[in-house]
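Handing you a structure now.
A, B, C and D are the chain letters, set down in written order, and residue numbers restart from 1 in every chain.
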Amino acid sequence: MALLELKHITKQFRQGKKVVTAVDDVNLAIEDKEIICLVGESGCGKTTTGKMAAGLLDQTSGQILFEGKDISKLSGAEFMAYRRSVQMVHQDPFSSLNPVRTIYQTISAPLLYHKFAKDERDARRRAIEILELVDLTPAEEILDKFPHQLSGGQRQRVSVARALTVNPKFIVADEAVSMVDVSIRASLLNMLRRLNQELGVSFLFITHDLALAKYFAWEGRVGVMYTGRMVELSRSPSLIEKPLHPYTAALMSAIPEADPRLTRSKERIVLRSDDIPSLTKLPPGCHFHPRCPVWLEGKCDKVQPVLAEMAPGHQVACHVAFDITGGGSRMTAGNR
Amino acid sequence: MTYLRDLGSGLLGSLRVMSRNKVGFAGLIITFVIVLTSLLSPYFVHMEMTANLDAIYQGPSAQNWLGTDYQGRDIFKQILLGGREVIYVAFLAGILSCGIGVAFGALAAILGGWFDTIATAAAELVITIPQYPLLLVLAGFIRLNSPIGLAFIIASISWGGLMLAIRAQVFSLKERDYVQAARALGLPTSHLLLKEIIPNMMSYILTNLVMRMTNAIYGQVGLIFLGVVPMAQNNWGVMYSLANRQGAIFGVNSAWYIMAPIFAIALLQFGMINMNRSLEELFNPRLRRGE
Amino acid sequence: MATLQAQPSARSGKEISTMLRKFFKNYYLRRTLKAVASVFVVTTLTFFLIRLMPGNPLDIYVASQMQTLGVSREEAEVMASSIFQIDLKRPVLLQYTDYLTGLLHGDFGLSIVSARTPVSALILRFLPWTMFVVSVSLILSFVLGVLIGTLMAYRRNTWVDYFFTGFSSILTAIPDFMVATLIIVYFGVRWKVFSVTGVRGSLTPGMVPGWRFDFFIDAFYHAALPIITYVITSIGNWMLQMRSSTMATLGEDYVMVAKARGLSEGRITSGYVGRNAILPLFTTLAIMIGGMFGGSVLIESVFTYNGIGIKLASALGARDYPVMQAVFIIITAATVTANLFADFLYGWLDPRIRTEGR
Amino acid sequence: MPETALEVRDLSLEYRSRRGPVKALRNVSFDLYKGETLALIGESGCGKSTMGFALIRLTPGTAKITSGNVTFVDGPNRINLMEMSENEVRRFRWTDMAMMLQAALNAYNPLIRIQDHFIDTAKAHGLTNKTEILARARRLLTGVQLDADRVLPAYPHELSGGMRQRVLLALGLLMQPKIIILDEPTTALDILTQRSIIDLLRKLKDEFNFTMIFISHDLSLAAELADRVATMYAGQIVELTDVFSAFEKPRHPYTFGLTRAVPTLHGAAEKLESIPGSPPDLVFMPSGCKFHPRCPFATDKCKEVEPKLTAYGTHQVACHNWQQVLEESQKAR
C-alpha cells in the first residue's frame, strides 16, 4: 500500500469566465521512504499537484488516498493525523517564514498545539534538537532571531525544521533550493536526503531543474509534466539515460550544463515551435504535438495519449514512443 | 513574581524600542499627557458656575493662564475639562469602526461565499457616499443626545474603506507560504488569523485607528458647531462653537477663547498621528533592529 | 481558432455574444453602471429614511402641523405631500416610484423654511458656487501637491523634504474649518490682510454675474479664503502620497533601464517616473472629493460663503428636511460623478486597465 | 595579444548604509577583449550586478564610485568614462555600451507602447526621423524572430516573458553599441525559452560583432556561452581565465568549490559538495583573503595577507595556495 496515492486528480481554476485545467488526470503513488521528483516548466501544474498532495488545495475531481484511505472521508482525528504526516517546504526563503514571529515562536507553535512538548521549556529543548537536525547552529542563538536576520539558506533550513516538528512521513518540497545560492544548495539537498535515509521521510521534490532532480532522486523516480499532464514517469536512471517522451528529450537537450565541453557538444532537438500553448487554448490530441519534431499527423493531433508502461518501471504518454519501442533514437537522428 | 518582572522588563523594552523614533516618541508622550489630564481633571478641577462680568475676555495672566471667556470664566480650566468627552467619542468611534472593519474584512476573506458578497457590497456602497454629509444628514434625522450614540453613528458609516483593505490584505496574506505552512501543520484557524495574519497588518490597522479617531473628532466638533448635537457639557467642540457664536474671533484678547480649543485639538491630533511612528516600530521587527 | 472552425450559422450567434461580453467587460461602461447604481441606492435609502423609518421627518412634520395649526391629519398630510413631493394616499411602492420620477425631473419638493421655495431653485442658486470653489481647490492642491511631492522624493532627506513633511504633519492635525478660523483670526483681525466683513458672501452685493472681468475678479476675491483653506489642508495628503509613490517608482527596474538607455533626466522624470507615480493617487481622489464637499458645510459657515454647504448647515439647524435630503443627494451625485471622472482619467492613463476586456 | 575594448582599473564602489559603507566593488581591474564574451559569475551579493552598473557609471540609489577608471577603447580613441560630463555619459550609454538589466520583465514603462520605447531611446541619442527609427526597430525585431507589426504597437503587459527578453535585445542593438552588458539574461525564463535566447545571442553576436559581458549566477550559462570567465567574490575578481581552464583547471578554491556544487545531467550520479559557511558581510569583512573562513586550503598567511589577482600566463588568480587547488582539482576529475 502506497503512503499517499493521487488517483486521477484534476484541478480546474476559474479565470474570469474561462476554466483553466491546471492539473489534468494525474496519477501518482508515493511509497514509504521514497523520493519522487516532479519536473516541468512554469505553468505545467507541478506546484498545483504538490499543493494537492500536501492537502493545501482541494482537487476538482479524483481521489487522494492516505495509507489506503480516501482523505475526504477521514474522521476529524484521522484527518489531523494525515495533516501532520504530510508537510510542505516552499520555494521562497523570504516569504516562507512569518516576518513578525521569532524562529522560536514559529517552531514552538505546532510543538505545543499538538502536545509534542508539554510546556515552553520543553518546546525550547525540542526546538533546539530539531534545529540541530537540520544543521542550524548555534541553535540556541538562532531561536530568538527574526527571519530577516537569517540568510536565505538558513531560512530554508528553518522551514524544513518547522515541517519536522510534527514528525511527518512525507514532505512536499516545492523548488526548495532554487532561490538559495549555488554554493550552499548542495548541503541543503544533502541534508534533505539525510532526512530521507535516517528518518524515512518520503519526498515529493518539485523542480524545474532536471539536473537537480537527477541528483536528488537518483534512487527514486522522476515525473515530467507538461500543460497539466504527466507525460513521463520513470525510475530516475532510466529516464535520464533514455528519455522516451520527445518533450523530456527536448528539455534534456536544451539544458545548458556546467561543463563547457559537454554543453557545447550536446545534440540539440529543434522544436517546431517555441510557443508554449496557453492553458485556456490547449491544442487537441497530444498537447505537445504542435511543437513535437516527431509527431504523426492524424494521430498525435487527434488522440490524447495516456501514460502507459513502455519499459520496466518507465511510463510514458506518447504515441510515437509507443510505436517505436526503444524511443529517443528517432528524434535525435531525424533533427540534427 | 517572575511574571510581573517579565511584564515590567517587557514594558521597558517596548518603551526603549518606541523611543528610537524621536518624533514618534514625542507624539506618544504628548498623547499620553493630554489623555491622562483630560481623564483625571474632572476629579480635581471645578468650574465656576456663575458668570463674572467684571472679567470678561481678559488676556492671559498669572491667575488665568489662557485668559477668560465671554462670561469671565477661566479658559484653562475649560480646556482641562473639555477633553474627556472629545477623547471618549473619538476612542469609542475609532475602536468600533476599526473593529467592524477588521472583523468584517477578515471574515469576508476567510469565509467567502454569501457573507463576502454582502459585506463587500455594503462596504462599497458606504465608501461611495461622502462620509461627512451622510453623518450630518443622519445626525439631522436621528436626534442625537448621547456621546455613545454619536460614536456609534460615526463608526457605522466609516468602516467601509478599512473593511475592503483588510479583506484584500487577508486574501493575499492567507496565501502566503508561512500561513499555508501553518495550515499544513494543522494549526487552528484562530491561530492562523490571530498569530500569523493579523500581526502582519498591525501597523496598518493602527494607522487607520488613529485616522478614524481624528475623523471622529472632526465629525463631533463639526456637528456641535452646526448645532446638530446639543451643547451640554464641557467640551472643546462646545468651546469652539460658543466662541464663534459670541464673536470671540474678532477681538485680540477674546481670540484666546477660540484659539485655546483649536490648539488643544491640534496638539492632541498631532500627538496621535506621530505616535503611530513609534507604534509601527514596535510591530515591525525589521524597523525594530534599525536595519 | 474556435470561430474559424465553427459553423457559419453558429458563428453569428457566437459573435453577438462575444460582442455583448466585450461590451460589458468594457472598463468605462462598467464604471458608469456602478456609478449610476450607487446614486440609485443612495436615493432609495434616503427615501426610506425619510418615509419609513420610525420617527421619520415626514411623520414629525405631519404631527407638528396638526399640533401647531390645529388641522386634521388629512389636511396635514396634504400639506406634507406638497412639501415632500410624496402623495401619502398612494401605496408606498408607488410613492417611491413617484419620488424617483420627481428626482429625475429635478423635483426635490419645497423648502419648509424658505417660504415654500422649490428646493431645486435653491440648489441651482447655491450649488455652482460650491462647485466652483471645490473644483478650483481640488485642481490647485492636486497639481501643487504632485509637484511638491515629486520634489520631496527627488530631494529626500534634505531640508526641502523635512520642511514639507513637517508642514503637512502639522496641518493634517488641525481640522480644516479650524484652519479657516485661524486664517480669520490672524490674517483678518490681527494683521488686517483682508476685510473680514468685505469677503463675506460669494459676491459683493450689487455685482451682477456675467462674462465680465470685474465679475471674475470679484468671484475669486470672495472665493479666495475657502480655496486657500481647502488647498492648504488637503495639499499635505497629495504631497506625502506623491512622495512615497515617486520613491517607489524610482526604485522600479524600468527607471533604471531608462537611465541605462541614456534617456534625458527630463524625459525620465515626466514620462517614466511622474506618469507612473501619479496613478495610485487617483484611488484616493474619491475620498478627497467627498471630504471637500463635506467640509464645505463647515468652511462655508465659517467664512459665510454662500454655497450649498452653508445651505445644508442652515437646513440642519432648522430641520428643513427636503433641503437636507436634496443637498445630500446632490453632493453624493457630484462626488460619484467626480469619482467616475477620476476613474476615466485613470483608465485613460493606464493601458493595463484600458485593455482589461480585450 | 588580443585587442582591448575596455580597460577597468582599480574600480571601487560603496553603498551607504546605516551600519557603514558596503564595499560592493574593491579595486577591480581587468581588460575586456574586443569581440569576446566574458562571463562574470558569482553568488548574490558578490558585486557582479553592481559591476555592470559601474561600468556605465550608473550608480543605483546610495552607491558611489570611490576610485578607479573605466576606459573605453575604440581603435586609436581612448575615452575615460570617469572624466566625462553627465551629459556625455548619458549619450555614451546605449550608443557605445549598452547595459541590459536583470528582470527584462520589468524593463518597460508599463504606460507606453513598445514603439515609444524605441523612439524615446533613439531620440535621446540624436535620431529624430520617426519613420527611420521605426524602420530600424522593425528590422531588429525581425532579427530577434518577432513579429514587428504585432510587437511595436503593443503595451509591455501584452507580451510574454520570452518576447520581452527578445524585445530588450532588439532595443539594445538599436544604437549598434560596441559592447553589450547583460545582467542575468535568462533568469526567470523557462528552459526551452532560455535555450532559444542563448541561440539567439550567439546568432546576434555573429551578425553584429559586438563584445559581450554577461553577468550570471548560473555556471552552466557561462559554460555554454563564455570565452572567458571571471569569478567574483566579496567585491573582487578572484579568478579570470578562459572558460575551459575555469571549469577544468580551476586555481581558486572558490571557483573550484562552485564547480563541485552544481550537478550535471549527463554521466552517472556524482557527489555534490557545498562550500561551507556563507558569503561575507560586505560591511565587516574578514581580514586577509575574504574567502579564508570558508576555504579548506586556508593557511595562516591567508588570514593576514589579501592575495592580489596575479597572472600566470593567461590565467589570473588571487590565491596564495593556487598550486594546491590546481592539484586537488586535477585529482578530483
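Convention: a contact is a pair of C-beta atoms (placed from the backbone, for glycine too) under 8 Å apart; a residue touches a chain by one contact, two chains touch by 3 or more.
All values reported here derive from a predicted model rather than from experimental measurement.
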Would you kindly count the fewest steps from subunit B to subunit C, each step being a jump to a chain that touches the current one? 1
Comparison of A-D and A-B (more C-beta pairs in contact): A-D
Distance in whole angstrom between the CA centres of subunit B and subunit D is 54
How many angstrom between the C-alpha centroids of subunit D and subunit A? 32
For subunit B, residues that touch 2 or more chains besides their own: 291
Could you pull out the residues of subunit C that touch at least 2 other chains? none
Which residues belonging to subunit D are in contact with no fewer than two other chains? none
Which part of subunit A faces subunit B closely enough to touch in the complex? 54-56, 80, 83-84, 86-92, 95-101, 105-106, 109-110, 113-114, 146, 148-149, 159, 162-163, 165-166
Which bits of subunit B are touching subunit A when the two form their complex? 176-188, 191, 195-196, 199-200, 202, 283-286, 289, 291
Subunit D residues within the subunit C interface of the complex: 56, 58, 60-61, 90-95, 98-103, 106-112, 120-121, 124-125, 155, 157-158, 171
Subunit C-facing residues of subunit B, complex: 124-125, 127-137, 139-142, 161, 214, 217-218, 221-222, 225-228, 240, 244, 249-252, 255, 258-259, 262, 265-267, 269-270, 273-274
Quick one: in the complex, what on subunit D touches subunit A? 43-44, 162, 190-196, 198, 217-221, 223-224, 226, 243-244, 247-248, 257-266, 269-270, 272-276, 278-279
